[in-house]
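The same subunit A turns up in both complexes below, where it pairs with subunit B and then with subunit C.
Right, the complex of A and B next:
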């Protein structure tokens, strides 16, 4: 049972992280490889600020969320937007965006590694987690907050994308960008908004994970990108509900591997999952099959 | 000249092995396969060669051959498995493959030396031998770039449907790119490892993907010459500019991102464009002179 709780906490972190990536990739078609660096650097900025002055829990979260949104918008403005403008076709653009994202991701990573000498960093905060027992399970306030935030964000974003007008516009871009633009959807503004929201989610996940673990290493972000990719592919690209399920399935599988004492194999779970899903059901659990000419 | 040579032997060796690594990723790109499996092949080749030397006490070149062949076989099998995937999915699946190699190496027990890596595999490799290997590899690649075969490969990359219609077996070409990439990556890994006498799982990581990708993106992705330009730039840049050394990784990130945005065909692409423009102008001038005479 305790394992189940751990899996839920881990799953919510994966979910918060993967939601932003899934949102951007599923709608405006950008697989943002710098998402992990955004995640890490938001927490890192929180760390830098909290080194100067002690901050309350919410203070750190706000700083990280804002940093994430700013980094993500800047990435869009300085890297992805020019690439999209200069690319002839979708396929070439995809590849250049991935490469550009890898390049952008290297910058904050190198800066943080330089500053911390590659050692883990945490927050100095007035917040102290408390442990309480529910039904014989030990749960900290941090993991309770994480689980609730993850679920609220996951379900909220799913509903927003399904019900609201902006959600409809975003999904329309995902189906056919040009027709959507012809129907009066402001593509550029929505793309920036989506990237900012994704960055904010990454910042939120970064701050929460750092509170949960006490400290994170600068390299944490890159591993999470691959895991988030596994989550998105598992759930099905373009389906937010799929992403929610995928995050908890991956977390459950990893927790299972750890509880069986195969700890060193834990990273292989997500990589193996990517393989299995891509081979057996490339459209994912809840994804629609894409019709393509080849 | 010879003084300069003796002072820089290590750098020259690194340039050549980096060239091989870059080529292992460039070859599939030229076939339109977005595969990073070459870096995984680097790991297999390195471990294969080191294990043959340390455990089986083979001599240097049989060990290198075994490592390279093992890498070629494994990557070909991977190619069979993932050949249905395209674009980003292929990219991420092969990144996952590369990282699985590193997880396997951590869990290999005595055979791979676990997380600490494998030591004491010092091969006897001199410069002439490395140059010979590189020249052989480049000769094969020049053959694939020239004339009919080169044009068929370009068609497979730019327009697979057209290639199919022309009677080109696209799948066979793609599989061939996997085998070549595995072989070249394996050679790079085995030679690098036996030169340094050690290999650790941490070496087969994401940073290696970035190094290889940087060399290709900056140099030019369409020809082996581009990979050579990239390898030279990235191995020698830190020695030319001392401030780069300190900010090496930050500079890498900036350069990759900038190249992805502004130079999709790399330095080689720019040079070729300039040459083309120069020739066109010459030709026009010649024609104009002729017309005036008549």
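Right, the complex of A and C next:
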């Protein structure tokens, strides 16, 4: 049971991180490799502010969420939007956006590395996590917050995309951007909004993960980008519900490997599992057979 | 006609290269004709950015302090200037290789401070032997680094002084030990799989649990609960800096409250982010501001005066490396590459007192007794 609880915490961390990436990639077609740097730099700004003045839990969260939204919007404005304008079509823009994202990511990474000398950083906060023991299971308040937040955000975003007007418009862009624009969908405004929401999610994940781990390093985001990429592909590109399931499947596989004391095989086993699933179902767990983003 | 032109071009290139590589009248330090040049160029090929930038940047500061002292004292002659040129390896093996080639290709470079990571250092070590440029490595504690007459290491390998940690555990009455180690970090893999089990067995301790993790592991809740469940008398934790911070918090959350010992990676304030969770952590260091030797204390004070902050073990590495090179030049009376190599070997045979205290050598590889420190409320204190 304790392993299930650990898997739920880890899965929620992967989910919070992957949600923003999945939202942007699955709707406006941008595979944003700067998402990891946005995540890290949001936490880094929280660290810098909390170094000057001790902040409560929510104070750190708000700063990180706002920072993430601002960085992500700026990335759209200064990097992706110009690339999209200069490219003949979405397909031509994809590779340029991917490289552009890697380039953008290098800037906050270098800034944080320079400032911290690549040492780990955390928050000076009045929040002190407590440990609860229920039926022999140990859980911290941070883990509980992460599990609840992960599930709420995952299910909420899935429902919003399926049921709200804006969600429908976003999905329409994912299916056929030209037709959607012809039907009156404001692509540019929706793209900026989506990037801002994704950045805010990255900031939220950055702050929560830093509280959970005690500290992160400037490179932490880079490692999570690979996991998020795997989660999205495993769940099925375009399916938010698939992303939710993919995050918990990956975390479950990793937790199982750790519980068997095969610590050095975590990546090999979990990514091997993904490979096997994709052999049987190339579109991912909840992806559609037809290659369409919805 | 075309052939003649190509031949002429080739000849001009060769002559041009020769001219670039020649000494301009004995002012350079790499001529190899004996004597001490008025300007001695030392290359520092270490991480100035990237994941282990703290080691390279710290070594830079230590080396700069040593150069100030060497020049102020007129240690190599009143007008002798040491020029430190930095090359950034940025945490990449390929870049370390290309930057080393660049530094070695500069005939004015007399000696090199080599890369800090074992992977980078082991890759460039054969190049150093082939190009015959004396290279002093700092950190880079794994095997395959000190492999030929031109490779030297100023930082003692961690396993050479880790016995002090196991002695401490024995004195504390520890009988059972858990080991949590990063198996993809060469130094920790050797310690976790070979040295710690052997040292424990010699002292009658039992390794009851050995948990390997990989470099990308960020969450340790599973391992922490396994460790808490086993409840061994002590935990040997061999993790990189961010991993240690997380593991300490999650071990506490899991209810593990026994003694934890770690490594010098936790020094230099790297464990500060763990807050109260790190209190009581014991680890061995080649250098600490808590050290009381005369030379260590003098280094700490001089560093504090120059940089207005406390020195790290990485700064001590750079400081000792630069002073070792200076002593080598003085000893051989020759600032050429070959002169420095001879001098470094000669000084290594004698040993010296530096920021790390009394340093002896096994061949070209430094050895120290090592100091054991305890982290308490943001400060290191010596474990007596």
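Convention: the second predicted complex is superposed on the first by the 277 of 294 C-alpha atoms of A that agree within 3 Å, B and C clash if a C-alpha of one lies under 4 Å from a C-alpha of the other, contacts with A are read in each partner's own complex, and residues count from 1 in each chain.
Keep in mind that, in the parts below, a contact is a pair of C-beta atoms (placed from the backbone, for glycine too) under 8 Å apart; a residue touches a chain by one contact, two chains touch by 3 or more.
Everything numeric here is computed off the predicted structure, so don't read it as measured data.
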Would you sort A:86 into first (subunit B), second (subunit C), both or neither based on which partner it touches?
first
Quick one: is A:2 in contact with subunit B, with subunit C, with both, or with neither? Answer first, second, both or neither.
second
What is the contact status of A:129 with respect to subunit B (first) and subunit C (second): first, second, both, or neither?
second
Scan A:121 for contacts with subunit B and subunit C and give back first, second, both or neither.
second
By the touch definition at the top of the document, which applies to A:100: first (subunit B), second (subunit C), both, or neither?
first
Should A:216 be classified as contacting the first partner (subunit B), the second (subunit C), both, or neither?
second
Is A:113 touching the first partner subunit B, the second partner subunit C, both, or neither of them?
both
Counting only touches as set out at the top, which of subunit B and subunit C does A:261 meet: first, second, both, neither?
second
Let me test your reading of the model: by the given contact rule, A:10 touches which partner, first (subunit B), second (subunit C), both or neither?
second
Footprint overlap on subunit A, comparing subunit B with subunit C:
110, 113-114, 264, 267
Contact set on subunit C toward subunit A in their complex:
49-54, 57-58, 183-184, 211-214, 216-219, 221-223, 225-226, 241-242, 245-246, 248-249, 253-255, 268-270, 273-275, 277
Enumerate the contact residues on subunit A facing subunit C in the complex.
2-3, 6, 9-10, 13, 110, 113-114, 117-122, 129, 131, 138, 140, 143, 212-217, 219-220, 223, 255, 258-259, 261, 263-264, 266-267
Give every residue of subunit A touching subunit B within the complex, in rising order.
31, 79, 82-83, 86-87, 91-92, 94-100, 102-107, 109-111, 113-114, 222, 226, 229-230, 233, 264-265, 267-268, 270-272, 274-275, 278-279, 282, 293-294
Quick check on the complex: what are the subunit B residues that touch subunit A?
34, 81-82, 84-89, 91-93, 95-97, 99-100, 103-104, 106-107, 160-161, 206, 209-210, 213-214, 217, 247-250, 252-262, 264
